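First chain A sits with chain B, and in the next complex the same chain sits with chain C.
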Partner chain A sequence: MIAEAAGKNEETLEISEGMSVSDLKDQQIKKYQIPDPESVQLAVNQDLESSVELNEGDEVAFLPPFAGG
Partner chain B sequence: MDKKKTKKVFIQGAIPPEKIAQSIANHQSKTNIGAHSIFLGQVRADEIDGNEVRSIEYTAYEDMAEQVFHEIREAAFSKFDMTCAHIYHSLGEVKAGELCLFVFTSSAHRKTAIEACNYLVEEIKARVPIFGKEIFEDETHQWKVNK
Partner chain C sequence: MRYERQIKLNEVGSSGQARLHKASVLIVGVGGLGCPAAQYLTGAGVGKIGLMDHDKVSITNLHRQVLYTESDIGKPKALVAVNKLRQLNSEVQLIPIEESLNIENAKLWFSQFDLIIDGTDNFETKYLINDACILTGKPWIYASIYKNEGQISVFNYRNGPTYRCLFPSPTRENISCEATGVLGVTPGILGTMQAAEALKVLLDIGNVLSGKLKLINILSGTEQTLTIKAKPGEIELIKVNGIQPVRVNCEIGDKKRIYLDVREEFELPTVVSENVIHIPLGKLEERFEEIPNEQEVLVFCQSGSRSLKAIDLLKENFGFHNLKNVEGGIETIING
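Our next item is the complex of A and B:
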């Protein structure tokens, strides 16, 4: 869903120092006009409960609503 | 130990009914078990605006999904006195009427088996990053959201 909106599956980004996970979310949602942003969760290094500040080399996943089962 | 290692959860395509029968058969040698509980998730042909769901195409953020499955399974073992627990989930296309989730818990007694099975299903639905694209008969699609 998010990959459809962005037209890509992954991207490497330069981030400014001290950028938080929620800053990155806002930035990318605006950039790609991702629909229904409240439903999007971010996992940093495969962890939803991760720290607020981003570090070099972090893998951030933009996850749409889960639909397993 | 059976319950400690990370188990393979994902299966490509639908879960064949024979796998369920075989899993039951595999437990007949474990005679400390007195009860099994099984949950089977089946793809529903929902009708939305006159358009019927033909299949669901499942994808996942696989590395994280495998890790979360492992955590959920470990948590279930610490909460419930189970003999064993097995989880299988489909990836790729699963047609309406076919199975996409198989959760199988075993214990000495029914209450534990049933409660553990329910716990696993609810945790899987809430926490595992699996995504479902509902494909309609006319080839259009929408993304499924768990209720």
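Our next item is the complex of A and C:
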């Protein structure tokens, strides 16, 4: 869903000193106009956690809710 | 004899088989996910299985709900599923529940089973399952599909995280009500994995997918497992305040037409749109004046039968001649 909005599956980003996961989320949501940002969860290195500071080499996954069955 | 091949496994053994025989599972939604889950759990000899679905079999179900056949089209899924599964294993007590899950009936049904399998396809019911499981102390096996991707986790298992710990803010988006398309195998795989998690919980074996969310992409062949932490505040809120209904508005297929929704207020999914009038069947006699009587009005309910009654009533008592029934009910409307 988010990959569709962004038109890509992954992207390598430069991060600024002291950037947190939620900063990154805000930045990317704006950049790709991802709808309904509040419901989107982020996982840093496979851990669903939104308050930590990012380090070089971290992998961040964007997870939208979906409900099909 | 019947269970010989699974009893042979050290993790099962005859004590495990006896344990399964005493166990019970409620499957909410007997569709793409619920069918395979029901088939494997029936095969495995789970003692009691409840099959809850208010829907009828349609031809567009058959590519993924392979429990059903062409001759089942138009028949209630819960009843058809029970009849098929009984042929697979007559030792299992199979209970057809021809209802949709709602705030009124959720806790009562959940309290009669050991665990719940989520075979639903909408956010409202997933949050409802979550809250009712917290309140009745039952674990539940969640799965969701979007196109070629699936998610699965076990929630509310031994004080583990719940669906609200994963997604605390329900989506406000008018998405996923439209059918997005899916290969039949995708829910088939996820539903089968749900059955596997159910067996692990019931037998108390292996590593249950609690505190973890597994993501599977059928096309890329990749999977990821994310760690989820419990958010005690989210769980406590439900324990204190009870079920918190979540409403996600669905888009209506055709905005130019006028619709009359004769369902009760608690029925899901909610449809809020300028071109939809809501009057429950029981209130039509006092509120019929709110319905336009010149241009065509499409009348719908959950399945298409109450709306027929509504049309008869409005025609005979109040002379409406502009009403048309929506066959197949709400699903037809939101899927266009």
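Please note the rule applied: the second predicted complex is superposed on the first by the 63 of 69 C-alpha atoms of A that agree within 3 Å, B and C clash if a C-alpha of one lies under 4 Å from a C-alpha of the other, contacts with A are read in each partner's own complex, and residues count from 1 in each chain.
By definition in this document, a contact is a pair of C-beta atoms (placed from the backbone, for glycine too) under 8 Å apart; a residue touches a chain by one contact, two chains touch by 3 or more.
Because the structure is predicted, anything quoted here is derived from the model rather than measured.
In the superposed model, A:18 lies in contact with neither chain B nor chain C. With both structures placed on the common chain, the touch criterion links A:38 to chain C but leaves chain B unconnected. In the superposed model, A:68 lies in contact with both chain B and chain C.
In the overlay built on the shared chain, the residue A:7 is in contact with neither chain B nor chain C. Contacts of A:49 after superposition on the shared chain: chain C is touched, whereas chain B is not. With both complexes superposed, C is the one of chain B and chain C in contact with more chain A residues. 1, 39, 43, 46, 61, 63-69 are the residues of chain A that lie in the contact sets of both chain B and chain C, per the superposition on chain A.
By the touch criterion stated above, chain C contacts chain A in their complex at residues 29, 31-34, 118-123, 126, 143-147, 149, 151, 166-167, 169-173, 175-176, 180, 182, 187, 213, 215, 224-229.
Contact residues of chain A toward chain C in the complex are 1, 35-36, 38-39, 41, 43, 46-49, 61, 63-69.
Interface of chain A with chain B (complex): residues 1, 39, 43, 46, 61, 63-69. Touching chain A in their complex are the following residues of chain B: 41, 56, 58, 60-61, 63-64, 67, 89, 100-101, 121, 124-132, 143-146.
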